[in-house]
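I have a structure I would like to understand better, so I am pasting it below and will then ask my questions one at a time.
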Amino acid sequence: MKRDFLSTREWSLEELDDLLQRALRIKGGTDIPDFRGKVMSLLFFNASVRTRMSFESGMSRFGGHGVYVQPGKDTWVFEHRDGIVMDGNTQEHLREVAPVMSRFAHVIGIRKSDLITTSSTTADVEGSWSDVKQDPFMRAFAKHATVPVVNMESNMEHPCQELADRMTLAEKIPEPRGKKYVLTYSWHPKSLPLATPHSQVLSAAALGMNVVLLRPEGWDMDPEVTDAARERAEARGGSLEITDDIEGAYDGAVAVCAKAWGSMSYYGRAEEESEAKKAQRGRWIVDAEKMARTDNGVFMHCLPVRRGVVVTDDVLNHPNCVTTDQAENRLWAQVGLLTKLLQE
Amino acid sequence: MKRDFLSTREWSLEELDDLLQRALRIKGGTDIPDFRGKVMSLLFFNASVRTRMSFESGMSRFGGHGVYVQPGKDTWVFEHRDGIVMDGNTQEHLREVAPVMSRFAHVIGIRKSDLITTSSTTADVEGSWSDVKQDPFMRAFAKHATVPVVNMESNMEHPCQELADRMTLAEKIPEPRGKKYVLTYSWHPKSLPLATPHSQVLSAAALGMNVVLLRPEGWDMDPEVTDAARERAEARGGSLEITDDIEGAYDGAVAVCAKAWGSMSYYGRAEEESEAKKAQRGRWIVDAEKMARTDNGVFMHCLPVRRGVVVTDDVLNHPNCVTTDQAENRLWAQVGLLTKLLQE
Amino acid sequence: MKRDFLSTREWSLEELDDLLQRALRIKGGTDIPDFRGKVMSLLFFNASVRTRMSFESGMSRFGGHGVYVQPGKDTWVFEHRDGIVMDGNTQEHLREVAPVMSRFAHVIGIRKSDLITTSSTTADVEGSWSDVKQDPFMRAFAKHATVPVVNMESNMEHPCQELADRMTLAEKIPEPRGKKYVLTYSWHPKSLPLATPHSQVLSAAALGMNVVLLRPEGWDMDPEVTDAARERAEARGGSLEITDDIEGAYDGAVAVCAKAWGSMSYYGRAEEESEAKKAQRGRWIVDAEKMARTDNGVFMHCLPVRRGVVVTDDVLNHPNCVTTDQAENRLWAQVGLLTKLLQE
C-alpha cells in the first residue's frame, strides 16, 4: 500500500519522529541509503532553487535519479477535473498522467502553488482560499498515482520544509520542549503563499515548543493549521499563542523564524493587499534591535529572502543566522523521507 | 559500424522480433542491462511526457544517464542544409553538432515533428508533405553523427511507439496472427502529426494481424506506409484493409487503437482542415457502443488523449483500456533497443 | 581550503601542466576517475551545447551527476551587490544562494557572459568593459561559496576552453615550442564575447608557441590578457606578436584558430560596431587560399561556427580541421580538472 506525503497532519507524531531520526542518522553517516535503480519524478509548476537541487542531489548522491519536469513548458497542459469534455486548453488528464508516471518513476514530487502558477500550465484555478486550500490538483494526482506522491509545496502546506525546520531546531536548540519559538510575519512587496509559514508553525509545535505566531491583524493563518499546531504543541507539552505584540513576542525567544505571506481575505487580489499593507513596511522587519530581545535566539528563514526588506543585513550576516543549515537540512530530511517511501 | 533506428522499414522483421524479445526479457527480469558509464543525448524539438521520461528513466535505472536538451531554448539554432552561407538565424550546422555530440554521448535521440516545431528552433521548414516526409533534419543529423541516432518521433514515423504497441499487443492478445486490429481515426481540434498512426499500423502488421485502417475519405495515411504495412501483414499471414465503414470495422476486433491526425492534403493549413472536418465530430469518437461490437477488444491510445473528444470517459475507465501498460512498454521497448544499440 | 578555477592566470604553469597530464591520462584510459556520490551544479545564464553536455556527460560517465540550472528561468533572480535594499526585481542574494548551493553540490560551474545575458536574470549589468571585465557576479559567487567554483565562461576568460585547446594542440602538434600558432579574428554579424579568444591565446602561450594575434586595428584584446600571454609564451621559449598582416600571419603556421569577437571600445553597442566593421566581411574569412600559406596547419574553432561567414566550407570539411577533437577535449580537460577539485 503506497503512502503519500501530502500533509504532515495525516502522519502521526511518532511517524514524524521516525522521519527526523532517519534524517539525523543519514546526515551523521550512520545510515547510508541505497537509491540505485530508483527514479523520482520532480514536477515543478513553480520555480525553485532549494527544492529542486536538494531532491535531485539527494537522489544522485545515493545512486538514484531525479527527472526534473516543468509542466506546461516541457509537457502538455494537464486536466484534473473529472467529467470534462477536453476541447479547451487542457491536453491530458491526470487519470492518464498519474498512472503512467507511476510506471516510469518510483516516487513523484509535485510543487504547485496556485497563487504563483500561471494559468497556462493547467486548467484555470478559480475561487477563493477556501477552494484552493483543498489542493485539488495534487490530491487528484495522488489519487490516480500508484506510487507515493510527495508534496514539494502546495497551497496549504510545505511539509518538506517542516521536516527541515524541525531538524534544524532539533540540532540548534537543546531540549526545545517549552522553549519559545516565534514565527514572525514580515512585510514583502508581493503576496506570498501560506504553505511555508503553515508548515513552519507545525514544525515547532511537534517539538513541544511554546510557539508564538506574530502577525498583524488580518494576516492570520488558516485556522485549520493553527488548531492542528495548538493540538500538537499541547500534546508535546508546549503551547500556541497568536499575537501582534512585537516586542513581547521577541522577549526570551530561542528561535525567530521570519516569513512573508499574503492574507487569506485578499487571496488572489495582490494589488488591493499591497495597498492595505503599506503601513507595515519597516515596522515588521526583523532587525538587530528586535533580535537583541531574544535569549541569544537563532534566526531562521526558508529562503529566498529579500535583504533589507524582510530582514536586515546584520541579522542575516550574524553567526546566529542558521538559514544555510536550514536549507541543507532540506536534503537530509528529504532523503530520510525517501528511505521510508522507497525502501518499505 | 553504427546502426540508426530511424524507420522500422529499414529493419528486417527478424530484427524487430529480436527487439521484442529483448524488451520482454528485460521487463520479466531475466535480462538486466548494464548502462553504467553510458550517456544518451535526448534532443526534443517538441514537448513530451512519455518519451522523455521513459528514456531518462530507462537509462537511469540501469546505471546510465540521459541528457535532456531542448534545442532553440537551451542551445543554438541548428542548420541542416548544405552549402548555406550562415548569416541568417541559424547559428550552428549539423556538420559540427552531430559529430561533436557523438563524442559526448553514446547514442542520440531526436524528436522533431515539423508540424509542431516552432520555426525559431531550426531553419524554417518549407514545402508540402512530400518534402517533410523525408525527415531532412533527422536524416542529416544521422548522416553526420558517428553514434546511433534514435528517432523519438519524426514527421514520418514514431518507431519507439511501434515497438511499445507491438509489445502491448503481444502481451494482451494471445496468438495475434489473423486477429482483427483496428486503427481508427478520431476527430480532434488540432491537426496532429501522422508519425504515430503510421507506426501503429506497422506494429500490428508485423504481428500478422488483420489490420483495419478506419478513417474518413481524405484522411488517408501516406501510401508508402500503408504499402509497407500490407506487405508486412501478408508476409506474416495477415492483411491490411482501408475503410470508412465504422460499424463493420469494429465488428469482432480484438484491439482498437484510436488516434487523431491531420490530412496530408491540408498539411500545414490547420484552419482550412478544421473547417473541412467539422462534421466528423461525434461521429468518429470511440465510445462504449462501438466497443460493444468488438470481441471483448482492448482499447489502445498512445496518449496524451483528450477525454470526451477522441474517446469517451467510459472507454478510458474500462478494464479493457490498456493505455497505461502501453505507455509503460515504451520504457521496456526502448531499453531493449538500447541494449542492441549500445552493447553491440 | 577550496580552490576556484576562475582564471588560469591565477594558476601556475606547473599546475596547468598537471591538469593537462590528468586529462591525457583519463582520455587514454590509464586513470579512471570516481565521481560516485558527487554532484556538480551547472548554472547557465547563457545557452550552451558543448559546455553543458561535456560537463554533464563527464560527471555521469564516472558515476557523478550534474544538475543543470538556468537561473531566471528555473530559479529566482539573483542579487550580487552588497548593501542593497532588495525591493526591486532581484529576489535572492548570492550571500544566501552560494553557501546553500555549496551544501547541495560538491562543485559549482557558472556561465555568465554579461554581453549576452538578458537583464531579467540578474541585477542589470551597467557600465563599460572596464567594469564587466572584473566579472563581479562570478567573483561574488565564488567568495560566498564554500566549494570550488568553475568558470564555464565569464566576461574575461573561458578557462575550460583554454584547457581543451591546449590539450588539442598538445595532441596535434609534436613539439609545439617555438612553432607558429595564429589566432585570427573573423567577421561575424554579431558582437561576440572576448572570453574565448582571450583563453585561446593563453592556451598556445602556455605551450611556448610563437603566438600571432591577427586582428584589424581597433579589435584588440584586453591588454591584461595579451600581457599575460606574452609573459607565459616567453617563459616557455615562445613569443607573442600582434598584427593585421593577414598573409604574413598565415605563412608557416602549424595551427590557425579562428574566432569572432566584439571590440572593447564598442562594448554593449552592437549596432554601431556592426556599421564600423562592414568592410571586414570577406576579407577576414578563413579560406583555403589562406590556409595554403600555412605549414600544413590544423584548423581550430571553439564552435559554434557560422559556415561561409567565419570560415569557408572547404576549410571546415578538410581533414586538417580538428574542431571535433577540440570539442571532445572539453570533456577530458574538464574531467581532469574535476579530479583535482573534487578528489583533493
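Note that the chains are named A, B and C in the order they appear, and that numbering of residues resets to 1 at the start of each chain.
Keep this in mind: a contact is a pair of C-beta atoms (placed from the backbone, for glycine too) under 8 Å apart; a residue touches a chain by one contact, two chains touch by 3 or more.
Keep in mind that this is a model prediction, so the values were computed, not measured.
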item: Fitting chain A to chain B on CA atoms, where both chains share a sequence, rotation angle to nearest 5 degrees; value: 120
item: Fraction-based call for chain C against chain A, same above half, different below; value: different
item: Approximate Å spacing (C-alpha centroids) for the pair chain A, chain C; value: 40
item: Set of chain C residues in contact with two or more other chains; value: 65
item: Sites on chain A touched by chain C in the complex; value: 44, 47-50, 52-54, 56-57, 60-63, 65, 70, 189, 303-309, 313, 316-317, 323-324, 327-328, 331
item: Of all residues in chain C, those that touch chain A in their complex; value: 36-39, 41, 64-65, 67, 69, 73-76, 79, 82-87, 91-93, 95-97, 99-101, 103-105
